[in-house]
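Next come two complexes built around chain A: one with chain B, the other with chain C.
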Partner chain A sequence: MIRLERRLDQPKWLSVAVPVGSLIAAFAIMAVILAVTGHAPGHTYRQMLEAGFTGNGAFSATLLSATPILFTGLAAAAAFRMQLFNIGAEGQLYLGAVGASWIALKLGDGDAGSTPLYVLAMCVAAGVMGALWALIPGVLRAFANTNEIITSLMLNYVAGFLITYLIFDSSSYWRDVSTLQAQSFPQGKPMPAGAEWPTFGSSVVVPLGFLIGLGVAASLWMLYSRTRFGFEVSVIADSPRAARYAGMRTRRKILAVMAISGGIAGIGGASQIGDFTHTLDPTGLQGAAFGYTGIVVAALARYNPFAVCLVAVLLGGLQNAGFTLQGPDFPSGLVGVMQGIILFCALGGELLIRYRVTISRRARARADTGSAAEPAR
Partner chain B sequence: MSVNDSLVVVVLAQAVLYGTPLLYAALGELLAERSGVLNLGVEGMMLFGAAVGYWVTQSVHGADAPVLVLALVGAALSGAAMAAIHAFLTITLRASQIVSGLALTIFAGGLGLSAYFGAELDLASLPVTHQFASLDVLGLADLPVLGPILFDQSALVYASWVLTLLVAVYLGRTRWGLNVRAVGEAPASADAMGINVTRYRYIHVLVGGALAGIGGACFSLSIIPNWFAGDSLVNGAGWIAIALVIFAFWRPGICLVGAYLFGGLSALPSALQAHGVTIPPEFLYSLPYVMTIVVLVVVSTSLAKRRLGAPAALGIPYVREER
Partner chain C sequence: MGESTPVRGANGRGAGSSGASPIPAVRMVEVTKRFPGVLANDAVSFEAAPGEVHALLGENGAGKTTLSNILTGLYRPDEGQIELFGEAVHFHSPRDALDAGICMVHQHFRLVEPFTVAENVVLGDHRSEGKSFFVHSPAIERRVAELGEQYGLGVHPRSRIWQLSVGEQQRVEILKALYREARILIMDEPTAVLTPQEAEALFVTLRAMAEEGKTVIFISHKLHEVTAVADRVTVLRGGRTVETVMASDATQRSLAALMVGREVDLGRSPERKQKPSGDVVLELDGVRVPGDRGGEALKGVALVLRSGEIVAVAGVAGNGQRELAETISGMRASSAGTIRVGARELHPGDPRDAIKAGVAHIPEDRLGTGLAPSLSISRNAAFKTYRTAPISWGPFLAVKRMAELARSLIKRYDVKAPGPETPARNLSGGNLQKLMLGREFHGDPKVLIAAQPTRGLDVGAIETVHGFLRDAASNGVAVLLISEDLDEILALADRVVVMYEGAIVGELDAASATVEELGYLMAGGEAR
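Take a look at the complex of A and B:
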């Protein structure tokens, strides 16, 4: 008979071993699915490893893919920590991209030396836009007690329509209408040269956005584990009632956490503009589903900011491999299926962290309870 | 122009058409939530049901009626299979229902299993062979106003009315329904009464998944009889269905009304465009999503006032030794 006993203390090594074990389990399950659908799992995995990590320039491309999901992962982790399920990172990232491209276009062609100014302005504008977008579900949750899961998700669709409108269905500030070709095939204005974010390194190219993401992760860790604010957030997460009795202002915390979460996702949008697309590209943004992948990243990292960085690189590799390999050999949807299975395995593995699984024979279990009951009589 | 071509009647008739998948999915989610399990994977289950339903119509040959019934069975089974993952993780392994449901949507959704399934079987390139046609019930389809709205719909619509009634009677008037409500409100008491909490939860989550699968098939077999890769077929209907359950205060009858309200909002953009209204379409397309938020806000403030709420144990895993 299998019994589950709640662990009184959770050993440190388990919180590393279980995610790693979950990953291995997920790859094993996926191998079965691949084999059943007529793909050779060994071959597919080797291809993925090469396209995602070991191939020529593969790791640089992976870091570029990891950057947006690092931000959305941190955004999800920041909110989920307080049991606040902001799944609107997708839309907050779009709005961030809108804000960042707006300010970059406003600043116009500066001299190349002013790039730090562009980076700063783009991050601030994007962060503000993302935070404001996230505050809609935040305010509704804090003051009308409306479920933030559904409202933040609905706003993803609205944000998607908004950026589509800006480029495809209006002659907005963001749309390029300078040439005849651009008028018939709608596209965003190209960013000024100064708004192209620098990269670092030569054999492995690290985009600036990724470094900013690491900085955000470190600040988030500081905020949540070294400040009074972070302490109150964790109390509210664990026991809202205790927090209320202790006089903590729950509403303010909801607003603050949503704004932080949305702001981080928004900066992810700025990094997409500065590091990657250099224009507002609604189709590319919406096709990538960065926000949803961020949830997978955060959950797999158990909402720990540093673990988010690692997991983002891992899933960035997966996404990059999926992007490079797409074709008849590599079924579409494989990346999403993998992400889902990894998350399922991580959720299942969570049980092993919280509970001790003991297997004992039914007869012995009975004898145990019998002898335990004896002295009581 | 007859009255049946007027904007209002067209939108109302389309509201029933577009509301039907919402109704199936919402009734399914309602059953799961009444038993205490929140399943946020509706969107994914719907899309997978749509894909499998479409695949069945492609691979089985025969008269329309048996093929379509088989397609619905396939869609229901595939929805239930997806729900089984969620049930196992949340009921047996006590995982977070929210994260597991989100994982299910990512796993089964437009960038996951549904896309994989559709691409492997090359569904997008296959022409439509069977679809639900509208039935001219009692020859009343030409009746002014009511004809197109009530008597010119497909069998899926009429079946959904029967289903709503069945769910309402089941929950409100039967012993099993009472047990379900007990499991959702106070699992510990239900357990003490001898109700098998785990079994009840499993069954209702699976049935919920099956209904979500059928709801998805409404899209691929009736509304937009086709399959596209990606998300655009179901396009958030699963999430609106979850909102609908809250809107309906967890009551099946109100689900019916709400489904047609949101169905009407989904139908509005194309109907307005056909009537030559020149609002940018993106604003119209956003309407159902924005209205979902507005409705939720209104409902959640009044929920608090009237002390009507979610099943008390919704979202909480039941662990006998930890109550």
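Take a look at the complex of A and C:
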């Protein structure tokens, strides 16, 4: 009989060993699935490694895939650290993209010129939009005690409809109506040249968004471990009653943390516009589901901002390898299965951090017969 | 409160026969259960005979609930043995206990609200009807109706739980036990939710069950109920069994004495001189506070504390002491009245304001309210001081200074801990208390509110805590001691006020007060 017992204390090494173990378990389970579907696991994994990390230009592509989930992962981690489950990074990212593309279009091609100004303006606009969007569930949680999981999740759909509306169902400021072709096949206005974010490096190309993400991660770490704000957040997360006892203002913290979380996701939206699409693309954004992947990233990283960076690159590589692998004899669904298994194992692993598994043989019968052989525990 | 009508058979049958029964239905021998920092049960022994209503009497924290959780398989004892009808048993889960015929009616019911009575009764039962995939409603409903009639537990089998009153829901819980043919029924504070009439009806049912040879274990801290319904009473105090007595031989007063324990007279500190007459530091006037379950928890409390004196609040748990502590410390908002610290009036419901005014608070719930369990000692030590200069600079924390503060508290207050980064939850109860006292004194408080500061601590730690409280008073702090331990109160306090049902019903000079007198007031007796 297998039993779960609550751990009285959680050793430090577990928080590293369990996520690594979860990943290994996920790859092992996937190997079985690959074998069953007629792919040699060893060969596939080698291919994935090459396509995701070691191949020519593969790492650059991986960083591209990692950038948006780095932002959404940090957004999720920022909120989850206070036990505030903001599932809305998806929608906050959309709103960020809306804000960033609006300010870039406003600045226009004209004499505004310098890219740093565009980058700054786009990040600020996107951050504000994302934060405001996240404040809707934040205010509801702080003042009406609604469940932020539900409200933030539902707002993702609202945000999705909003960006679809902006491009497909209206002639909004964002929609390109300059040519006949663009009028019949709706698409967003292209961004001005200055709004294209630069990249760095030659053999490995690093997008600016990724660097901004690293900066955000470092600031987040600083905020949470070295400031009064972070101290209060950690107390609220651990015991809201203790926080009240110490005179901390929980409501304000809920609002601030939601705003920070939403703001980070919003900047992810700006990076999408600046680094990649250079236009507001509702279909692409909604198809990618960066917000939900970000939750996986945060969970695997156990909400540690630096670990989020690593996990984002790892999952980015996986996604990137998936694109390369998929073809007639490797359905894209298998990549999704892989990600699903990783999430499954990561969440299962969480259990092992909090509980200890003990295996004992047939315990029930003893209670009935009252066997004296069982040593008292 | 007064005397309730005894519902026990006029001949006192239960008491007579049960004492002579050779094989007890339940026998717990030297059962010990430790939790991190608390010794919840310390070699507790008791036995209950078939056909007996056996009361477990004790104050909150005496270990009654832990004991019943062990008996129902929720916890495993660290040491000791459980025997049912003469056979040793080892429960590995609540299921094992259920299979052995033990059912428990918890204080908070375990019922599925949208389900019917019959469905709830059969839920989790894995014999006959319960085993099948389909719920054979008519058969179960008939049986439930039958049982209800037999035991006076009238409730319609098809009613849904949410439609029922609390008293009726309790009947469903008892029906569940009867349906499963439980041989041993544990009732945890069953009357807490009942009206007096419902309680009377419950007692009749419990007696009827005992007549049939079932064993009823009745957990309570209310004296009049215990004397009204039980055959024998086992008194628990501080996790230990004090004594098992015949209910017919006991009086409320004798039980009260056992429950609060007067034989361990710690003695009053001899050097305590005449009443200190410092300035008024804390003044409550007409403070009213709404309760958690409706009604009022505090009904116009007025209280004055002078600098350098220890005032104790005595009372049976749940009479507003907890709310009093929380209201002064700002964790609970008052609806009327004023609280003044010195000349300053506190904002109701604002802990930060109280901290600023110099109110230190040792809450009853150490780990969870007073301290955050998974955070390190150094973070916990900074709870009250993290907002200001040495610990923080601008918005930033001086992490090193936090650790220094923690180290100095650990050293000065003799907290046994590996280091400042140890999570609070790894500390024992006594060390948690020392850490918290150290932290509170560090802020140079004017008022110290200590709620149950020694509950669950061992003798050494109790002495240390008492020493700290005396030191605080001699340094001019006004100490409000809330305790259920009357010896502690008499040993420490200058004055004692007694709370009953949210009001202060009496004030005594500690030098002349007796345990009996306090116990009498605490139980709602009129002041003499």
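One rule holds in what follows: the second predicted complex is superposed on the first by the 330 of 377 C-alpha atoms of A that agree within 3 Å, B and C clash if a C-alpha of one lies under 4 Å from a C-alpha of the other, contacts with A are read in each partner's own complex, and residues count from 1 in each chain.
Note that a residue touches a chain if its C-beta (ideal position, glycine included) is under 8 Å from a C-beta of that chain, and two chains touch if they have at least 3 such contacts.
Bear in mind that the values here come from a model prediction, so they are computed numbers and not experimental data.
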| item | value |
| --- | --- |
| Which of chain B and chain C A:Val235 touches, first, second, both or neither | second |
| Which partner reaches more residues of chain A (counting touched residues only), chain B or chain C | B |
| Touched partner set for A:Gln183, first chain B, second chain C, both or neither | neither |
| Partner chain in contact with A:Thr283 - chain B first, chain C second, else both or neither | neither |
| First, second, both or neither for A:Pro331, with chain B first and chain C second | first |
| Partner chain(s) touched by A:Thr37 [first = chain B, second = chain C, both, neither] | first |
| Touching partner for A:Ile341 - first (chain B), second (chain C), both, neither | first |
| Chain B versus chain C as contact partner of A:Gly247, first or second or both or neither | second |
| Chain B versus chain C as contact partner of A:Arg226, first or second or both or neither | second |
| Partner chain in contact with A:Phe161 - chain B first, chain C second, else both or neither | first |
| Contacting residues of chain A [partner chain C, same complex] | 3, 8-9, 225-231, 234-235, 238-239, 241-249, 360, 363-364, 366-368, 370-372, 374, 376-377 |
| In the complex with chain B, residue positions of chain A that touch it | 6, 37, 85, 87, 136, 140, 144-147, 149-151, 153-155, 157-158, 161-162, 164-165, 169-170, 289, 292-293, 295-296, 299, 331-337, 339-341, 343-344, 347-348, 350-351, 354-355 |
| Chain B residues touching chain A - in the complex, by the definition given at the top | 40, 85, 89, 93-96, 98-100, 102-120, 229, 235-236, 239, 242-243, 246, 280-283, 285-286, 289-290, 292-293, 296-297, 300-301, 303-304, 322 |
| Residues on chain C engaged by chain A in the complex (per definition of touch) | 36, 73, 76-81, 84, 87-93, 95-97, 99-100, 329-331, 350-355, 361, 363, 365, 368-375, 379, 382-384, 386-387, 392, 395-397, 399, 423, 425-426 |
